[in-house]
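Next come two complexes built around chain A: one with chain B, the other with chain C.
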Partner chain A sequence: MMELDLSGFESCPLFPGGVVADHGENPLAAASFQLPACSDFDGFQKDAIQMTKPAKGTTTLAFVFKEGVIVAADSRATMGGYISSQSVKKIVEINPHMLGTIAGGAADCQFWHRNLGIKCRLHELANKRRISVTGASKLLANILYSYKGMGLSVGTMIAGWDEKGPGLYYVDNEGGRLKGTRFSVGSGSPYAYGVLDSGYQFNMSVEEAAELARRAIYHATFHDGASGGVASVYHVGPQGWKKLSGDDVGELHYKYYPMILTPTEQEMADTSAA
Partner chain B sequence: MARYDRAITVFSPDGHLFQVEYALEAVRKGNAAVGVRGTDVIVLGVEKKSTPKLQDSRSVRKIVSLDTHIALACAGLKADARVLINRARIECQSHRLTVEDPVTVEYITRYIAGLQQKYTQSGGVRPFGLSALIIGFDPYSGAPALYQTDPSGTFSAWKANATGRNSNSMREFLEKNYKETSGQETVKLAIRALLEVVESGGKNIEIAVMTKEQGLRQLEESEIDAIVAEIEAEKAAAEAAKKAPSKDS
Partner chain C sequence: MECVFGLVGDGFALVAADSSAVNSILVHKSNEDKIMILDSHKLLGASGEAGDRVQFTEYIQKNVHLYEFRNGIPLSTAAAANFTRGELAQALRKDMDNHLERSELKSLDLTPISVGIITSKFVVTTILAPSVGTAQPKGCIGNGRDSSIAGYDKDIGPSLYYIDYIATLHKVDKGAFGYGSFFSLSMMDRHYHSGMSLKEAVDLVDKCIVEIRTRLVVSPPNFVIKIVDKDGAKEYAWRETIKDAEEPTA
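Right after this comes the complex of A and B.
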């Protein structure tokens, strides 16, 4: 009987660990497995995909205005319902003129941002000029696209000031890349957008813009359980980025909504202070 | 494959890479090419060896564009040039795709030179037998640039340079007569350099001018003839002025 020549199948993905030749079945048939027994298989598939989609529990935002770019973020990390840290640095300094934000998998974001920093520096050395925000975001987006479907969780914004002026791009693990003037990423982003969009003006001063960003992060942390900790605000101008503030959102709450004590409570507070 | 990994380019005992030097010889036998950088234009000129009567001269363009703002002329093996030009064109577009910006002249020169160097250090291949003159405008600063590469893979920037047949005479001429020029003056300077070594006439010269606004423009034979006529007239006038006795003696 004529045997099929299977010597070319050594590294075939259908047969990890070498060719299995003892089934007597057609080895070229597609691998198959039993389908789960359920009434609504399509719905089950959709749920399964949703479950595996990486969720991004955080609030980060960035916007372009007259004086440059403001970048702000919270600092909470969660593992399910457990708050694992209140002091995560979600704004990474790629180089003195460019910032990136972290949303999604902290490890993925930290690693790929550092990798982007390396690529930007190599570009500078090879071409004797700083890389543009466009170029940097494109490099990152291309890398993430090549890992599409493999479970990376990255929802980042690249903000910087280059020869063309202030630049802001949103890049994610699906391979998407968007240029824009206002972005917010993470589970707290709907709340942040509400405050940001209603208070945004192109002609703001740096202090006004920083305050708007701070309030937007605060309101997001108030309503979103996965966001909290410290609201950090950075500003990117023509000379590079500068950290403007890092305020605990609990303290911000009492700053925006100071407690009005009833006379009794006021007396109690006074006596305990004395 | 084991038969093909014997390196063809190996060092000689006194430190030469003979294959590279032989490639430079091939360049020296190639047609003359000149490049001149002006303040607002850059000019490339190439010697056209007499075209056979039946050949369609438009199919042998010797000055090619790599992108809308970069052009190249070369001396040496034309088939090798074709390969390099195709790779360079792909790299220009690839660069636009990965960083959303056109290449700088320096970047693409570095790429071409890098390719040329790779073939001096690989097994079973020979170096490219050509020197390229690459011109273009920097997409950010708008500055004009002229670069030259050679078979060894070195490259450098020039105000004006020549390569190919009799390049030494052309370079000497350019060194004596170069000054910062613009527009038509730059074209004339390039043609004058070529005319040192080439039979005069639009039939034997190919000229292309690159401007920031309009990119690369190949000059028509008639235009070249007109400029050549101008140059000859200027030369004749200069000769006559020298011969005529000075009036106030």
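Right after this comes the complex of A and C.
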């Protein structure tokens, strides 16, 4: 390890390379701290900080409306530039009345959602009533806060219907917890927000809301490389959650923007048939 | 990008804070209430990272309540402010392994507590929030996570305490934190005088909000104003330019 002596007190001759001799036992040693041995320390530091920032390559969204909560997500998993799966389940069922979404590390999200489900069930058994969405999200937020800075990557939304009606919370690995009516999480979220914000109305029917969610996911998958696969849409109502649809976004593309054959193409088709 | 500022008036304290919850370039929410009501006559305004701010202010709030339950009388503003400062100072000096690693990488900004609290029992509580939920590590210490504690004591009247993210404590008449402080501090210096009426104080706060909106490059769209007076701590007004969707009532 290099030792960088900034005090100027050291009178030892410098080793080749400008490194001061290691004098761990010397009580008069000048204050110094060890640096990693590399040529570009600033770049290294930047990379190191970048490594701790979890990247959430996905698009998930949820919003509250008159009839409850709509939760939607894509289903693509990427490892760098490689698409490792097109059929990841990003909406997890915590209990029959609560859904959670996955963004970030799949393992982290799946494990902690399962853990949250356990805690919710224990709460039901101990208190003889279902846990509220507020309580469930606070449980998860406190757990994630206690692991803050340790590299967990969780960007999740907890959606459910409890005694107070529909509830939606955003919880992330920084320990943040926000109550809201519209959230989108992941790398594709800015694209989804655009469609979601412009089309949102509180008084929508379930079909309209599901179509808005589907459309928002589709547009996000179109622009964001880390999102794709199947757009799943769930609805959480007073009776619990129900999966509404799961459409391949490639097929959605041609449904929203059907191909219009130009005359030339028609002719070519006729010629080859002839 | 978070702005909190506050001032002491004639028999009341006023705190204004922005209300956006932000994650790098994305605004998750524009009506997040960052001014916590500690008890009947105290406000705590805090700014800081998402998890830190809420966890720390709730911790202070619960401890203030605990004191009242145990001893039958509420804490004075000065006591609450000193308690908060003490907790902040303790947290900063905690030698938790993981926290050390964190702070090595992200410098002092990622201490377990990175909040600024303004409690004003009677005093305006301003809450400065450097940036809730920001993902970027802040290199420089001077990013202003401060807090103010404002409160009203029957014998003392309104008071405002400035506590910053490295646990400095000052009793002040007016304070401002965050990027907005660059604009509001001088405005308050110019127009503030002791014993301002509520109308004058709200006018000054509005002037500051307008100045922040005009001059700060990414200024928050909405602000919340809370006051503390002899009748208690309550929300006074919102100043909104963007209306978030209303939360549905049961």
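Heads up, the rule we're going with is that the second predicted complex is superposed on the first by the 220 of 274 C-alpha atoms of A that agree within 3 Å, B and C clash if a C-alpha of one lies under 4 Å from a C-alpha of the other, contacts with A are read in each partner's own complex, and residues count from 1 in each chain.
Basically, a contact is a pair of C-beta atoms (placed from the backbone, for glycine too) under 8 Å apart; a residue touches a chain by one contact, two chains touch by 3 or more.
Worth saying up front: this structure is predicted, and the values here are computed from it rather than measured.
Consider chain A as the common anchor and indicate whether chain B and chain C clash or fit when overlaid.
Here chain B and chain C can both sit on chain A without a clash.
Applying the document's definition of touch, where does A:L144 land relative to chain B and chain C: first, second, both, or neither?
In the superposition, A:L144 touches chain C alone.
If you stack the two complexes on chain A, which partner ends up touching A:V195: first (chain B), second (chain C), both, or neither?
neither
May I ask you to decide whether A:E163 touches chain B, chain C, both, or neither, giving the answer as first, second, both or neither?
In the superposition, A:E163 contacts both chain B and chain C.
Is A:I131 contacted by the first partner chain B, the second partner chain C, both or neither?
In the superposition, A:I131 contacts chain B only.
Given the superposition on chain A, which partner contacts more residues in chain A: chain B or chain C?
C
Scan A:L178 for contacts with chain B and chain C and give back first, second, both or neither.
After superposition on chain A, A:L178 lies in contact with chain C alone.
Please state the minimum Cα-Cα separation between chain B and chain C in the superposed model, rounded to the nearest whole Å.
Between chain B and chain C, the shortest C-alpha distance works out to 6 Å.
Looking at chain A, which of its residues have contacts with both chain B and chain C?
Dual-contact residues (chain A): 142, 163.
Could you pull out which chain A residues touch chain B in their complex?
By the definition above, chain A touches chain B via 126-127, 129, 131-132, 134-135, 138-139, 142, 163.
Over in the complex, which chain C residues touch chain A? Could you list them?
Touch list, chain C to chain A: 21, 23, 25-26, 28-29, 32, 49-52, 54-55, 98-99, 101-102, 105-106, 110, 112, 132-133, 135, 137, 244-250.
For chain A, which residues count as touching chain C in their complex?
Residues of chain A touching chain C: 45, 48-49, 52-53, 64-66, 141-142, 144-145, 148-150, 163-166, 170, 172, 174-183, 189-190, 193, 200, 202.
Given the complex with chain A, which residues does chain B contribute to the contact?
Residues of chain B touching chain A: 98-101, 104, 106-107, 110, 140.
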